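What follows is a structure written as structure tokens; I'll ask about it next.
The chains carry the letters A, B, C and D, assigned in the order they are written, with residues numbered from 1 in each.
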Amino acid sequence: MTWAPLVSMSNLGVVISLAVIGGGLLWLLYRSLLAKEVDRRVIFLFILVSVAAPLLFPMTFEEQATPVVKAIFDKIESLPEGSRVLISFDFDPAMAPEVQPMANVVTQHCMVKGHKVIFMCLFATGQALLTQSLELIVSEQFPDKVDGIDYVNIGYKAGNEGVLNVIVSDFKKMFPTDVNSVPYDSIGVFKGIRSCKDLDMVFTIGGGKPGVKEWVLFVGDPGRVPVAGGVAAVVAPQMYPYYPKQLFGIMGGIKGAAEYESELRKTYPQFHDVDAPGLRMMGPQTLAHMVIMAFIVLGNVSFIVQKRRDRRRKR
Amino acid sequence: MRREVPLAITFFVGTLLIISVFLPPAEGLGEDFTVFFDIIAVFAFFLGGGNLVRVHLTKLSRRKEDWPYSIVTLLGFALMLVVGLFKLGNPGGIAASPTTDGSYFQSIFDSVLLPLGATMYSLLAFFVASASYRAFRAKNREATILLVAAFIILLGRTPFGMALTGFIPEQFDLFQVPNLAVWIMNFPNLAGQRAIMIGIGLGVVSMSLRLILGIERTYLGGDER
Amino acid sequence: MRCRQPGHTPLLLLALILLFVSTDVCVAQSEPDPAGSLMADTARVTVAPPTSVIVTDHKYDNGDALELSWVPSIDDRIPGGKVVRYQVYRSVNEGEYLPIQELLPGSNFFLDESLHRDSVYSYYVTAYSRNDSAMSVATAPVSPQREWLHVDRAWLFVIALIISLAVFYFIRAARKGEDLFIRKIAGLEAVDEAIGRATEMGRPILYIPGILDMDDVQTLAAITILGRVARTVADYEIQVRMPVSRSLVMTAARETIKTAYQTAGRPDSYSDDMVQYVTDEQFGYVAAVDGIMVREKPATVFLLGAFFAESLILAETGNSINAIQIAGTARPAQLPFFIAACDFTLIGEELFAASAYLSGEPKQLGSLKGQDVGKFIAMVVIIIGVIAATLAQAWEVPFMQQVYDALTFVFSTQ
Amino acid sequence: MKRSSVIILSVVVLLFLASWLWKASTLSSDPGIVNAWGQAFGITLAAFLTLAILSFLYRDNPFYKFAEHLFVGVSAAFWMVMGFWSTIVGNLVPRLSEGLSSFFKVPFDRFAVNYFYFIPVILGILLLLRLSRDAGWIARWPLAFIVGTTAGLNFIRYLRSDFIEQVSSTFVPLLVGWQGFGHFLDNLDLSATGQLALTVGNWVISLGVFCGLVYFFFSKAHTGVFGAASRVGIWVLMITFGASFGYTVMGRISLLVGRITFLFKDWLGLIS
């Protein structure tokens, strides 16, 4: 299904606001065909409505996953149940609004697939965010998952890429216990795992330093571990040179998270009722983008009509 | 004297700072001079603040247009200055940072400056739309290139980009709009940015030399004429 | 041509790592069971000390740093090493040894900064296992040395010198009366026309010099251009409005306009009120300038200098009052917005060239030709670099690899 | 004042008070909130100022003027206070005077004392002479000092980061991952990360930078081959501008999302 990008239209408010925006644009198109310019205040009004309406009446647009995002989804989907996945929260509260949705949705996917997940972070301030995500996703949505057996939180260790340099060959040396001081050897998730090399994949979130790049250079490349990353939108273009050899997938900003959430909902319909922050936050963005593109089209329509008319007059 | 001394000062300071980069014993000079600048800038606040107060007092006393608003400015200025300089209501007293949570200074910042600044900033969402409407028109070849590049990138950021071009097979997926958008960002966009930056580097070097040599002196004694 | 050779330290480390990786398997097999490791907690884990601790002077500084390097303890192996951390101890002027820095296992280097040239320092490094430690031999006392020249910045110096000499040369040539061609810059050709328009309409000119202080070169460029603009304005009876967001810019702008009016022979028409300080706050300033724009409806708006997000807010408001707008900035991120919303835009280098261009003085124009030499050098170097990179990578031509290495070495930013 | 303005003003004042009362009553039901009245006032004021600024989009009006003038006064004082505490007290005092340091309770280190820091103090005082009619010209000395500092510091800074670094990062190979012509043809495709896309990309980078530089040439007429190259340079610049514009739009919209969320959520409580 290539079309039908609208999924949740059940709400009357959504229908009305979309009808208002669509009808207004059609009326403006008619005026543009008469070579009339649109007043800037009308444009402002459209922007205001297209941002406010999706906030009042949650409106989500189904995203088609781009190959860079789809690669991550497919990898997690194709791994057999019980595979070991490491998710690293390498961001601070300032970056969180843009990147935490990615961490959450990948966690959801790993949980529903029954993978065993190791959570950690390289930012001291990431610890609190990690705990928050665990409560929000694992404790609330997957209450039957057991700490230590299905997942483990090994928390934060100082040392930036130095930490990676050690865990690429030995986890226990850096993380002798998890955050609850359970010794390494009694954590079920770690059974048979000595180092990052034994993992099935690593997903790291955060475009700062240390971040995705450091995971690639210190763990992915030397340890031959598949690494995927999620970064803020502005950092994403800088990550593409590593794709697909060193990074098998990239998620950029809220849009990346929204694509993943869409993909997850397609495969696991039970997530339709779960909050998808990426899709929710993309609502106003997408609508406003489309309105802006519509105005670019309108501008060109009235410009071309005007030019034709001038030419005819000259003759 | 009035012209020669300032020219000599500019020449001396400028040359000193350029040479200091190559002399380890003098390498710290750049940092020191940056702090010097900050200190002088704080002294200049007397001039700026004085000017602000004077402008609004004049407006007030002469009952110029919109004079009542000058009272708002003057009161806001005086209030914030007193609250900040005396660290009123600061839980940490004089030793704490003026922006400590709970201080009056920080409270005013949170409920006045923060919303004002953020809203002013958010006006961009509207202006970005009105500028796109007007500027992205295929008036000539250059404007068309601008339009096409902007449109591809915009399309790549919405689900429609993938919906419209998702059918393109993997061997040709460069032409899927999101991929094309990334390619444009990584190559032609980068090339343009670099050309601009190289030009800027040279422009700054040349302008700095003109200033240090005293060829450019509009800000001092003007032309030799 | 000097090319960098990797020192032996990384090689040595590499060898060590290889050694440890090869022992990986057997270590893994001999891993004790959990019960055993509990017992091991009480047992003493002996550890060997780091060896060959060497202290050397940190190069090209003011005599305030030393470099410490050592061979890691033989028990610091990856994986399964017994070393949990290293601790560096330092003694100043043969005094007591105090711990100064803790380092991760695998470390073999430490840079000690903020030292004093006239003191002597000695060090030792201790390796710690869980419950044991072993200290290395202490180093002989050393003082950091001061160097007088930053030798590794020699190429930076050469490049700076070449470009400066080119600028000097053309300034001199122009002074001697050599005829120099400078192409037309549309945005600057429009300045006179824009001022004329304000005169005809009897409306003020608004001059915005960006939002940064005098320590930014773009502001400096804006002030030098202001000198030329004010010189033209002084000939007409029009008002200049210049709200600024920095006190120092206010002072400099007043000095500049005043001088321009004096030069034009109309010192009485000048008033300090032309330049007005608003606030240092970015968006507070924008709010005020937007207000001035819609209330006073200037005929011409100059937006020259350092702009951030406010570029489009100002330019769109200026556009809504139908002002002619001449903009210019060296911030690549803001240029698109000026291009979209203003009538003329000075792109990067053109902003810095504007004052020289507007002055029309031969020696100023000469400096622009000097800049072109820099561009020419950049273009030639890029061609050679691209060819070298291509041949070196695609066909592994050794000579081209050398050329490539040499170029990247010369054009490296130390 | 006109009668209609009085009516509008009183309506707004009433709405403000109503919002304050209502917000305070909702907040005080939350036991976690200490100062409900104060917080309710803060939120109401923030909402009022937000709407006042947004009203500028329709046209200039008294509420915008109020917000603007308040913004100017408060923020000017804000930065002056910050400048005083961080620069004068934080950076200058501990370098010059032990007495003042203990007065302001800033840490004083005998080794950090540096009497060179009297230079900016003297220059700062000279700058203030601008206020005097007769000695005003002395203010040019500190200005000259500042101009010299900026020119000197930025000369090397820009030469390095904008010239040297950008030139050296343009040394890109024109054949990416080249393993012979046969290999190239066998693997020919137009995938986003394929050899061809990257190779063409590097051609675009090197030619783009080259033609862009041609466009900036001042001392040669843009005619003939040179003119053609400069035109290509303009096209590259136009792609750059279009692309960066398009890329920034999303970030700009999210700013507005933030403000509207504040209004709907923190103020009106319409969404959770």
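In the analysis below, a contact is a pair of C-beta atoms (placed from the backbone, for glycine too) under 8 Å apart; a residue touches a chain by one contact, two chains touch by 3 or more.
On a predicted model such as this, the values are computed, not experimentally measured, just so you know.
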Farthest chain from chain D by C-alpha centroid distance is chain A
The pair out of A-C and A-D sharing more C-beta contacts is A-D
For the pair chain A and chain C, the C-alpha centroid-to-centroid distance in angstrom is 32
Whole-Å distance, C-alpha centre of chain A to that of chain D, is 27
Between chain B and chain D, the Cα-mean centres are separated in Å by 5
Cα centroid separation, chain B vs chain C, in Å, comes to 16
Multi-chain contacts in chain D, i.e. residues touching at least two other chains, fall at 53, 56-57, 65, 67-68, 71-76, 78-80, 127, 130, 140, 143, 146-147, 149-151, 153-156, 158-159, 161, 163-164, 167, 170, 192, 206, 209, 213, 216, 237, 240-242, 244-245, 248-250, 253, 256
Contacts with two or more other chains occur in chain B at residues 18, 21, 34, 37, 40-41, 44-49, 52, 66, 113, 116-117, 120-121, 123-126, 128, 130, 132, 134, 136, 146-147, 150-151, 154, 157, 170, 173, 176, 179, 182, 185-186, 193, 196-202, 204-205, 207-209, 211, 219-220
Touching two or more other chains in chain A are residues 40, 44, 47, 51, 67, 240, 255, 285, 288-289, 292
Chain C residues touching chain B in their complex are 60-63, 146-150, 153, 156-157, 160, 163-164, 167-168, 171, 213-215, 217, 220-221, 223-224, 226-228, 246-248, 250-252, 255-256, 259-260, 262-263, 273, 276-284, 286-287, 295, 309, 312-313, 315-316, 319, 330, 332, 335, 337, 339-341, 347-353, 355-356, 359, 361, 363-364, 367-368, 370-371, 374-375, 378
Contacts from chain D onto chain B in the complex sit at residues 38, 41-43, 45-47, 49-50, 53-54, 56-57, 65-85, 87-88, 91-92, 104-106, 116-117, 119-121, 123-125, 127-128, 130-131, 137, 140-156, 158-159, 161-164, 166-167, 169-170, 189-192, 194, 197, 200-202, 204-209, 211-213, 215-216, 233-250, 252-253, 255-256, 258-259, 262
Given the complex, residues on chain B that touch chain A span 125-126, 128-130, 132-134, 136-139, 147, 150-151, 154-155, 157-160, 162-164, 166-167, 170, 173, 176, 178-179, 182, 185-186
Chain D contacts chain A in the complex at 57-58, 192-193, 249-251, 253-254, 256-257, 260-261, 264, 270-271
Interface with chain D, chain C side, in the complex: residues 156, 159-160, 163, 180-183, 185, 214-217, 220, 248, 251-252, 254-255, 277-281, 283-285, 287-288, 290-291, 294-295, 332-333, 335-337, 339-340, 347-350, 353, 368-369, 371-372, 374-375, 378-379, 381-383, 385-386, 388-390, 392-395, 404, 407-408, 411-413
